[in-house]
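The chains carry the letters A, B, C and D, assigned in the order they are written, with residues numbered from 1 in each.
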């Protein structure tokens, strides 16, 4: 193991997060959701969080706990129909919600990770979700300008990490995780297993270690 | 109002007709299936040339997982546990929507609240304060090579869903290629909504009454398989 | 094997290419260069080609043969110092050359593949290579607008294909190949080996089969 | 003109000084090395916290391949056959430049024709009609967190390379953080070119004569390791 290990306790990892932070959380439904990190955060005093995620789980379940706990200031994501608490809180003026079409959302997170400031996509041009966005024709078709979506912290769920922080994922639990791993100032990966350096096939590493700042092992305190 | 075709039969008919549309093509087809009737299309596909893409990051989605074999980490975009097919692959959401936006998905099958005579589709929200979500709907209708709308011909209140102009927020403009209901197979041909097949239960006069959008009947109109 | 096999002879593959086409060719130096496809093309009557590639090999070697043969109308790429014939032909007015910084070049090819019309990048802002490009500040820093780079045909070198056309690559021979595989109307992959469907790990497929139209096996006619 | 420091010694000194700069930092460093002197930096790194990225698609580049073990498919960005290190990984060029442009590479070490007093770098072309290539130079200088210029202090004709204003086409504006030559270690501190170390062979007066760009000497200036 290298002398600067990234492996930390979930408590130390969460101690690096501040109230008011913009937090990306990987997952699609409950697939690829960093359970320990979220559990620990929802048991903390952290508040005024902006949660950037595909959805917000179900009422009181998964990411839904953040909302049930009143820890959320704003949401950036694309699909909250699985958790009707979101529409309720939004209508009551308790939280802000910014809806971005799922493909544009994924691409905007990637853009932040790879240093692209903004991009033109045909998705949503002319619709309610595109109406406040700069619109321009390319090849005779309207496109909207979508800006990169950054975060202070990304909470990632991976299947395995090696001791350097190289990550691989598990089936459709991959989803937004590799994108968010690139797009935050601090990336914390929760993994099922930590394996020795050299155990992962270099051709199959999905997230190279340079994107990962901290690793916690699922189920450990 | 008495239904002309009962719900279960209607849904299966629509799904089967769409599957046969894809199976009738003499080449590999990559398709994406939305929730509801679109998902049922998979049950009727018998072809090793048709591959199902799920926008949450999978190419080659297999049948629903059997009870007891479900893995919450292997799901389709409707959060249902599914299985693998030989030659499947996994990727992240940006790669997945890259396939869709880049025009590499041959067809998306989606449900809709309304489709209008210009091919506009409204399927993402009914503004009633209870919904807050778009998912991949806008990406799919603007990105897939063909958009196949699978929907009941009329709402539960009898109101036509093929309308002159959508009243609900639009998902995509002029994107519908096919609209397949239990009462007919419609295709937009050079922008004109054209009836290609009609259900055996009704005639053209009755279908016209049940459809708000004006349409033309194809010269070689056929009876739809029941 | 599926009943619509993509496996064809190199002759049939090259027969699908037309004079005047925009051709992407994977490679960095000679790593990841589809040798049989290029050999067959350089032995053909194809001309007025626009070659879109990182570099143009060395004089008369690899992609350099296209130039030695006079088959090139224009080049889009980023590094021709390994092949001084390119500067010579350009100065003589025999070919057009469009230089795009390597990172912007890679991203523009990806953009074409994923349906992004254009994107803002800080690379080259204010420089000679950015001077004719729309420039805009984001976060106080100038960015240039780069447009997607499409092609008619992509010639890809992969390590293995399964019979459906899923591809994996070999070490740094990966480079531009997976990007170009997405960005052309017709994608032809030259591979070292063709393996049965199910042989490749679904987690490690780099290019899913939907991007591949034709497969030829290296060394076969 | 007689060289103050012979070429071989100069190049090794520059490379070794840069390696020690990185080894002196108490954290993981991801570095990218250009061709020439920058590549030599790898020879002096003794640390398991420093990882070399190659922009042609590799993280964790190892030493040059031994004669007979070279594989033309495993090369660095200078087309030299290299080896793997444990924990290395491969990726495509868009992902590679995503790392660079996205600010995930801690430092890039590059050669240069000229660096000026505002930190502008000219290293991609001498307009003489014989060169036509930019490679990743512009991406690297604009994307890497720190830009370390490794170059001889003067050209072969004695002309200073640290100049008032670049005369050649610029690669990136105000991007240089360190300029390390065989005669000194310079750092841009709040925009001011500051000499931090000076070679044992010369004094400040002589160095000032050999340098066109104005610079200040740090209060705690040190003698550079020879």
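The criterion applied here is as follows: contacts are C-beta pairs under 8 Å (C-beta built on N, C-alpha and C of every residue); 3 or more make two chains touch, one makes a residue touch a chain.
Source: prediction; values computed, not measured.
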item: Between subunit A and subunit C, the fewest steps along chains that touch one another; value: 1
item: Comparison of C-D and B-C (more C-beta pairs in contact); value: C-D
item: Chain centre separation (subunit A, subunit D; CA means) in Å; value: 35
item: Subunit A and subunit B, separation of their C-alpha mean positions in angstrom; value: 30
item: Junction residues of subunit A, two or more chains touched; value: 107, 110, 114-116, 121-122, 169-171, 202-203, 206
item: Interface hub residues of subunit B, defined as touching at least two other chains; value: 90-91, 94, 97-98, 100-101, 143
item: Contacting chain pairs - touch in the sense defined above; value: A-B, A-C, A-D, B-C, C-D
item: In the complex with subunit C, residue positions of subunit A that touch it; value: 107, 111, 114-122, 138-139, 143, 147, 168-171, 201-204, 206
item: Residue numbers on subunit A that touch subunit B, as the complex places them; value: 28-32, 54-55, 78-82, 84, 86-87, 90-91, 97, 99, 101-104, 106-107, 109-110, 121-129, 169-179, 206
item: Footprint of subunit C on subunit D - complex, ascending; value: 54-58, 71-77, 79, 90-94, 96-98, 100-101, 129-139, 142-143, 169-173
item: Residue ranges of subunit D in contact with subunit A within the complex; value: 26-28, 30, 48-49, 51, 53, 59-60, 84, 86-91, 94-95, 97-105, 143
item: Residue ranges of subunit A in contact with subunit D within the complex; value: 2-4, 110, 112-116, 162-164, 166, 182, 197-198, 200, 202-203, 205, 208-211
